[in-house]
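Quick notes on the structure that follows.
Just so it is clear, A, B, C and D label the chains in written order, and each chain counts residues from 1 on its own.
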């Protein structure tokens, strides 16, 4: 049973004059932050400011690479070769590392974004491409992926540190995959229910699927969303319930 | 008097299906290569392949950051704040560093591209922004700029190692600036004349301006162009004349 | 003395998941709308939706072409040749015209955006490039520019219909140019004062400069901003004061 | 049996300083040209110059819209909604139409590019989105698609004029689809064989599949490629054989 857990959130997704999310608020609740790297969102100025904000808040920093699809926010599947995926992940990690270096800190994890995250959860070739990119750039970085996914498997193949992610506001199918958003019961809308599920997942290493079966889940980190209207309420409730249950919130990367 | 000199060339300026320059040929002649970083030219796959080619040829690697103006190839002046310039230089250096890390090598110098190079030669605020970006990311990197320019001055202010660049195929004005390309005598078209000028510049630390005056020039590196039709002929002639004069061609960054 | 005036506003400046401005609100106050065309802001989906919204509200439609600088929102000066400016204006007008054709309506005016607008106000070569682009694509379109600017002059040279624009929330210098935003008294922050100035400009064809001189101004249209916090208050106040003064708000393009 | 046939080729696929294909040469052989519209290739300056070249050569002009994937040259599948596809096709057609208007000519056909072409050949929802875009912008334009494809079917549903395309250098499977490029016998490498196949397809309305069956094919236009090394030889041979067979080469859009 976990006595500590990480909470992670996506930040730095503004672009130019366009503002998205409430990073300052979200950073009050998470222990790890995934910073967009300029392909699906983010731009050099936003990356610098977000890096500085994370440093001030003492939040662990990760790269959040995505497809080169700004207008689609990296949420549209693109059919790339594993080599193309390797290349774009290397590029984006590096761009973020330079902003970390400029602040005297380092990038501790990598979590793919959007369509890249979802495709790499199921496609071992893409998953390996991402894992190799992480390993080749800095094998000390932690690869974050959906709990039970091919991405986690690929990271383990390469002996990368991995962090298995679960979602506070999503339901699961009996095969351990997330219920697709197209389904009516895909989302959990009640903050108290979400918080209770998170505590249970952390304590038991299991979640109850919508089909009623118990699914074993490795749980290293819980994803909090920053752009939904109830994001802050969810985050606060989850932190409160974890504290009540005696579970500490800490970054998933203790070793440096 | 220099007993060694660096020859540098711009490489990795292809993009997607578009091929530009003859990197394999140019890399036979230069000791240092400036790799485009995806803003004015280059893309992640091109960066990786170019990095690998430079590694095979044992050529020292530098970042070649430019304005985010692919259609204009980074040759069109853009009015950016120093902060914006700092940010885009940090970003691009980092992206390239990750490909270097993936190959187990490192980025040793930074040379701005095109309009950014030219603007930073004259504008001390932009020059300082670039120098600060280099220093904040890795103060061991060498800043390459036009000999006598504000960019070199800014690098020295920050105690960065600098490399002063001269051009084999360009003429100079009496204030030490390059004759604008709009002038009829801006370019040297004869390879033998260019080679003789390079040797003289290296040996004497001076160049004769088009107005007939002798201009003192610091000379650490000579720029060879890869995309002109006579590039290879120029490069071969310059290397030959340097050898005849007993001057070794070596990267400008002896210390690692 | 004008008995009618046009009010215009910039709309369609969202991009992908990023939302900017309050188009639905702004369209309640303007008679003409300038729709971003995908270079400085806007994307195909946003252009279609904005076109449909303008059609529902019966607001006259114009193209709002800008520099290809999404991260800078087209507000950063770029040094382009007149031919390059011609080309990018043709391209952007056409892209918007297709969405108008798809809705069975037409694009009636062209107003350059941001840095392109400001540069073309002073640089006759750029101004002519824009005017020629408009004329070559559809000589019935109205060219909108700063009152007294080179852009208006260029439009008149080509016998294009033109519309001279004044600003409700900006002060003027004695040469008829706008007070730069860097000056403390560049902006008018009080809605009542702005409205009174607009009515006076429309009625008298003059404005008082910050130096106290009376400047003659051609006034065909007044620019309302959509993204400032007080935009709606300003718009409402201006419309009210115009109504009180017996001045009708109508598109500046009566002939079709 | 056809007495005339159209030959079409892709042009205007250069970008900025990057040159691709040999448009001047290819335009000597084709009767219709598909001009890239800036998303997968092309830029405003290239579009203008290509338009002017087509006008000089009296070649019929078409829009060649593709996915917004410059680095992948529009050849990588992207999962877009039909609405997104509609929007990007409208945008790109319009951009090209404006350059046609500037030259006093018109865009006569639309042929999707690369991955969009291939996806729309099989996916009726995407095919309908493209057909609707064409119809809404100008229902007089001809929709060009793979012979027997869903795209042709979608055009016919909307009563659009359509042109069915066959390939001179590709082999067919017994279901009428192209042999995938991954197969060893996908390409025809001999110009004489390709020319003989084209003449036979035009004369008989049939092609022999690699499995040996005769497949009926509607044949309005034959695609010539401009970027392969043997493109010119193929084009010359095909024109010669068509002439010998008494088949005129003419644009597929006789009605204006």
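Rule of thumb we're sticking to: a contact is a pair of C-beta atoms (placed from the backbone, for glycine too) under 8 Å apart; a residue touches a chain by one contact, two chains touch by 3 or more.
Given the structure is predicted, the values throughout are model-derived calculations rather than measurements.
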item: Selected from C-D, A-D or B-D, interface repeating A-C by over half of its contact pairs; value: B-D
item: Higher-contact pair (C-beta pairs counted), B-C versus A-B; value: A-B
item: Whole-Å gap separating subunit B and subunit C, where each centre is the average of the chain's CA atoms; value: 43
item: Mean-CA-position distance for subunit B and subunit A (Å); value: 39
item: Residue numbers of subunit C (touch at least two other chains); value: 43, 71-72, 84
item: Subunit D contact footprint on subunit C (complex, rising order); value: 38, 43-45, 47-48, 83-84, 87-88, 90-99, 101-102, 133, 136-138
item: Residue numbers on subunit C that touch subunit A, as the complex places them; value: 15-20, 43, 70-73
item: Residues of subunit A defined as touching subunit D within the complex; value: 68-69, 71-72, 76-80, 84, 115
